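First the structure, then my questions, so here it is.
Here the chain labels run A, B, C, D, E and F in written order, and each chain numbers its own residues starting at 1.
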Amino acid sequence: MDQLSATLLSAPVLFFVLGALAAAARSDLSVPETIAKAMSLYLMAAIGLKGGVEVAKAGVGPELVSALAAGLVLSATIPFLIAPVLARFGRLDRTNSGAVAAHYGSVSVVTFVTASQVYGANGFAIAGFMVAVLAMMETPAILSGLFIARREKGTLFSRELLREVLFNGSVVLLLGSFAIGMVIGEEGFEPISPVFTAGFTGVLCLFLLDMGLIAMRRILKTRALTLRLAMLAIVFPIFNGTIGVLFGSAIGLDAPSAAALGILAASASYIAVPAAMRLSLPQADAGLYLAMSLGVTFPFNIVIGIPLFRWLAEILGGAL
Amino acid sequence: MIKMTERERIEVLVDAPLAPQLARLALQAGITGHTLIRTDSGQGHSGEWSEDLISGATAKYLFLTVANSESATRFLDSLEPLLESHGLVVLRSIVDVIRPERF
Amino acid sequence: MDQLSATLLSAPVLFFVLGALAAAARSDLSVPETIAKAMSLYLMAAIGLKGGVEVAKAGVGPELVSALAAGLVLSATIPFLIAPVLARFGRLDRTNSGAVAAHYGSVSVVTFVTASQVYGANGFAIAGFMVAVLAMMETPAILSGLFIARREKGTLFSRELLREVLFNGSVVLLLGSFAIGMVIGEEGFEPISPVFTAGFTGVLCLFLLDMGLIAMRRILKTRALTLRLAMLAIVFPIFNGTIGVLFGSAIGLDAPSAAALGILAASASYIAVPAAMRLSLPQADAGLYLAMSLGVTFPFNIVIGIPLFRWLAEILGGAL
Amino acid sequence: MIKMTERERIEVLVDAPLAPQLARLALQAGITGHTLIRTDSGQGHSGEWSEDLISGATAKYLFLTVANSESATRFLDSLEPLLESHGLVVLRSIVDVIRPERF
Amino acid sequence: MIKMTERERIEVLVDAPLAPQLARLALQAGITGHTLIRTDSGQGHSGEWSEDLISGATAKYLFLTVANSESATRFLDSLEPLLESHGLVVLRSIVDVIRPERF
Amino acid sequence: MDQLSATLLSAPVLFFVLGALAAAARSDLSVPETIAKAMSLYLMAAIGLKGGVEVAKAGVGPELVSALAAGLVLSATIPFLIAPVLARFGRLDRTNSGAVAAHYGSVSVVTFVTASQVYGANGFAIAGFMVAVLAMMETPAILSGLFIARREKGTLFSRELLREVLFNGSVVLLLGSFAIGMVIGEEGFEPISPVFTAGFTGVLCLFLLDMGLIAMRRILKTRALTLRLAMLAIVFPIFNGTIGVLFGSAIGLDAPSAAALGILAASASYIAVPAAMRLSLPQADAGLYLAMSLGVTFPFNIVIGIPLFRWLAEILGGAL
C-alpha cells in the first residue's frame, strides 16, 4: 500500500501526528478554541464552494440523486446496525448505546476534507457533489440514535432538536456554500479562490494540529473508555466504511467517490451530534462518546481509513 | 444612604446546549432576568472538562439570576427533574439589591 | 439595472444572504465574536493600505482636499437633517433622535469595502484617497448627535469621548494603514499583497456571512423597531446617499468616487458610534439604533444601495 | 486555622464601555481593587443581549469588588445617579476574606 | 419544596499558570469539584492587569469551589503559604446547595 | 547605515510603529488576544516549516551542531552574566534578578521572525537550521534563572516546570514544524506554501501591530520600571547581541546566520519565560520583567537591533 505512506507523509497528517505527540508528552501547546471554530467554518465553506463550482462546471447527473439516497440510508441505518453491538459486546445501557450509535451514523467533516485533500493531491479526485452527500449524512443519525435510546418514552423530538437537525450550523454552511458555488461558477469563484483554494491545505494543517492535540488529550483524560469500547471504535469504521464503499460502487459511483462514501460511513461526528446529545440525551456520558469518536475513530480514519478505503474502492472499481 | 432589599441569588452551572432551557424555566417561574457567565474548565465526579472542544458540547455556563423568594423557589422546584439527568450544580444565597421592584 | 444582478450574484453578497437566511431559519450557525473582530481589523488594514499605495502611485490632487471637506460636512450635517424627522415622524424623544442621527451621519466601513470590491470587480474603480474620506466621516457625526441630544445640558464632551472621537480604533487603523501604504508604495506592498489583496474578497465573504447572521438576528430580537422607524431606515440611506452622490459629482469627483461618497453618506455606523453612545448617551436605546443601522440600513445598502448609487453616479457623470 | 474577617462583596453588571467609569468611582470611594469578569449573554426587561456584536457596544461585564463597609457604602451611593440611565444591576453580599487589611 | 443544605463557597482569584496547583490542593483537602471562571482584567495594589498579553502569564481565573465546612477549612489552611507569594484574593461565603452529598 | 532605513520603512516595522503610536495616543484600538495567539502559532509553524524545507534541500553540515551548541551555551550563560548587573546596578533582589535574567537568556520568536523577514527581503538570507537554534535557546535560560533566584533553597525544579522546559508549546511547535518541513521537503511544501510563505509577511504586519500596542501599553502602565532598569533593557541587547554575533562568526557561521545568532542572544522572551516564572517564582514582579523585555528590549531590537547586528556581522564577515 503505497497510499499509506503517501497519506502518512502528507503535511496535514504529519501535523495531526505532531499534535498527538505534543499532547502525549503533556506539552502545553494549544490552539484557542475560537480559532479552531473559525478554521472549521472556513473548511466547510471552502469544501462547499468547491463542490458547488465543480457541479456548476460538470453538471449533475443521476448519480447525485442515488448518492444522496445512499447517504441518507447509511446515516439513518448505521445506528441500528451498531447499537446492539454497543449494548451487548460494549456493555452499554440503552441511552449510551443510542448516543454512541448516533455519532457513527453521522459524519466527520474534517475526515472528509482531509480525504479529499489527500486523494486530490494524488490525482484521485472526489466528485464535487459528494459535498451534498456529506451534508445529507450529518443529521439523520441523530434521529435514529434518539429513537434507539428512548423507544418507549414520551415525546421523541423537541422543537429545539428538530431545528438542530434541520438547520444545524454545519449543514446550513455546507449546503449554503455549495449553492453559492453553483451560482457563481468558475468565473465568480476566481476572486475568492486565493482564500478558499490556495489557503485550503495550509489551514487544514493547522486545524489537524489542533485535532491531534484534542484527540490525544481526550484519550488521556477519559475514564469511561473500556478496552471493549476502544476495540469497537476501530471495528466500526472498518465495518461501516466497507459498507459505504460497497454501496457506492454498487450504485455506480466512480472509485474516488465510492471511497469518499466509505470515508463518510466510517467517520463519526464530533461536532453536530455531541451538541444534539447534550440537549436531548443529557444522561448519556459525553466523555464516552467523545473518547470513541474523537479519540479513537478520528485518528484511525485519518491515518488508516483514508488509504484503506481508497485501496478498497480501486479494487472494486477494477472488479466491477 | 442608598436603600437595599434582600433577594435570592441563584447560580446554576449548566452545559452550554441546555442554557436556553434554564432561561425558559426561569421565565415560567416568573423571573424575567438572567445573565450567563462564561466558564473555562472544571472538574467533578464525572471527570475534567474544558472548553477546548470544537463542538462546544462540553462547554459550561454559570447561569446567574436574582429573584424574590417565591419566584426563586418556583424556579428551583422546576429544576428538580433535571438535577440528576443534567448533572446541574445549583447554589442559592442571599444578596441585597437596589431597585428591588425589578427582581 | 444590470448592476443589480451583478451585485446580487457576487460571492460576498451571496454569503450575506446565506447568513440572513440561516438566522431567519433560527439555525445555530455562528461566527465567534473575536473572529469577526479580527476580520474587521483585517478589512480596515487592507483597504487603508490599498488606498495609500494607490495615492503613492497616482499622487494627490486637489480633489482629495475637496473630498475630505465634503465628507466632513456630510458627517457633521446629516444628523441635523434627519434628527427632526426621527423626532416627528419617528416619534422618538430627543435622546434617541440624537443617538440614531449620529449613526446615520457616520459610516459603515464594511458597506464601503463591499462597494469597493463589487465596483472594482466590474471595472468601476473608486479612487484610493476615498479611504481617507471614509476615516474622516467616522466620528464628526458623534459630536453632532450628542449636541442634538443634550443641547441645553451641562458638559457636552467628556475626556473619554474626545479620545473616542479623535483616536477611535477604526479611524487610527484606517489612517495608519493609509499612511503606511503611502510610505511603502507599490514595491513595498508586494510582499504583503498576498494577504491584503489576494485574500481580500474571500475574507469579505466570511465577514458578510457573519453580518448576515447578526443583522437578521438583530431584526428578529428587536422590540423597539416600529414600522415608522423601519421605513426611515430605508428612506435615510436613499436620501443621504443621493445627497452624497450629488455632492461628489458637484465637487468634480469621477463617477466611481462620487458613487462611493454616496455609499458613505448612505451607510450608518454600527461599530464606532454605538460604543460612543453607550458611553455618552447610556439612556438611549441600543436595541433601537442597532436594529435600524445594522438590521435594516446595512442590508439595504449591501443589496440595493451599492448598485443604486453607481447607477446614479453614472447618470450624473454623463449629465455633467 | 486561618483567620477570616467580614467584608462586603459588591457586584455590578455593567456595559463594557462604562466599566472604566465604575473603576474610577470605586477608587474615589477608597476602593483600590476590582476584577472584571466576562459575561456571555443575558435577558432582562430591555430584551436579550449577547456578545455577538462586532462593536462590543452591547457586551457586559460583571464588576466585582470587595471592600469594607464604609467604602462599599460610599461606592454604592456614588452609583445612584447612574442606576436608571445605565441600567445597572447591583448586588451586595457578605464574604469572609483573608488578609483584611487589603480591602 | 426542594431541600437545600448549607455549604461553603470558596472563591480564589489566581494567576492562570497557578490554577492547576489550586486544584491539587483542593483535592488534597478532600474537595473533588471546582470550576474555573474567566476574568478579563482588574486592578489592585500591584497595578492593573488584563488578558491582553500573548503569553497568558498575567491572565487570572476565578477558582470556585463549594465544599463542606471541614474540607473548606482544610483547603483554606493549605493556601496560607501561598497567600503572600502568589498574591491570592480569597473569599468565603455561605451558600445553600441541592444534593449536599456531592460537596 | 542604509539598512536602518530599509528596516524602518518595511511594512512590518511600520505596523509596529503604528501600534505603538496608537497606544501612546490612548486609542482603543486592540487585537483580540486569541487572534494574537493564533498569529503567533502561525508564525512559529511557518518559520519552522521553512527552516526544515531548506535543510531538506541544502542538507545539514557540521555548522548545525556547532550552532546548536553555541545557542545552548548562550541561553544558559547569559543569565549568569547579567544577573549581577541587575542586582548591583539595577538594585533588584535575588528573586527578581533571576527572573529578569532568565528572560534575557531566552529568546523572542517574533524578533527572530522579523529579522528573518527583513533580512530575507534584502537578500541576506538566514540559514534554515537557525530555526533549530531558536528552539534550542528558548528554555535553558529558565533553569539558569531559577538557579540564580533560589541557589540555596530546597527543590529547584518541580515536575510541572520540567515539562514546561522540555515540552514548552513553542519549542514543540518550532521543532515539530521543522521536522515536518524536513520530511515533506520542497515538493510536499508546495501545496501549503500559499499559507505559510505567501501569507507570512502580511500576518507578521498584523502581529507586529498588536505587539506595538501591547509593548507601549506595558510601558505606560508599568510602575516598577526605574530609569536604571530601562537603561539595562537597552544595554543588555547590545551586549548580548554583540556576543552572539562574535560567537557566531567565530564558529564559522555565514554573516546572515551570525547576525541571527546575535538577534537571538539580544532578544528577550515574553511568552515562554513569563509563564514559567509565574509558576516557579510567583514572588517575582511580572510587571517588571514584562516591562523590560516587552516594553523596552523588544522595540529596541525591532527598530535598532535588526540592522545593527547585520552591520556588525557584515563587518566581521569581511574581517575574518
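Quick note on the criterion: a residue touches a chain if its C-beta (ideal position, glycine included) is under 8 Å from a C-beta of that chain, and two chains touch if they have at least 3 such contacts.
Predicted model only: the values in this text are computed from it and were never measured.
Graph distance from chain A to chain D, where chains that touch are one step apart, equals 2. Homomeric contact chain C/chain F: same residue numbering on both sides for under half of the interface positions.
Chain centre most remote from that of chain B: F (centre = mean of CA atoms). Taking each chain's centre as the mean of its C-alpha atoms, chain D lies 39 Å from chain F. Centroids built from CA atoms put chain B at 35 Å from chain A.
Remark: chain C and chain E have CA centroids separated by 45 Å (rounded to whole angstrom). Looking at chain C, one finds that residues 30, 33-35, 37, 194, 198-199 touch two or more other chains. Shown for chain E are the residues that touch two or more other chains, namely 37-38, 93.
Checking each pair of chains for touch leaves A-B, A-C, A-F, B-D, B-E, C-D, C-F, D-E, E-F. Taken in their complex, chain B has these residues touching chain E: 13, 37-45, 60, 62, 73, 76-77, 79-80, 83, 89-93. Considering their complex, residues 30, 33, 36-37, 40, 160, 210, 214, 217, 221-223, 270-272, 274-279, 282-283, 285-287, 290, 294 of chain C touch chain D.
Interface residues of chain C facing chain F in the complex, by the touch rule stated above, are 34-35, 37-38, 41-42, 45, 163-164, 166-170, 172-173, 176-177, 179-180, 183-184, 188-189, 191-196, 198-199.
Considering their complex, residues 15-18, 20, 46-48, 51-58, 82, 84-87 of chain E touch chain F. Interface residues of chain C facing chain A in the complex, by the touch rule stated above, are 9-11, 14-15, 18, 21-22, 25-35, 121, 194, 198-199, 201-203, 205-206, 209.
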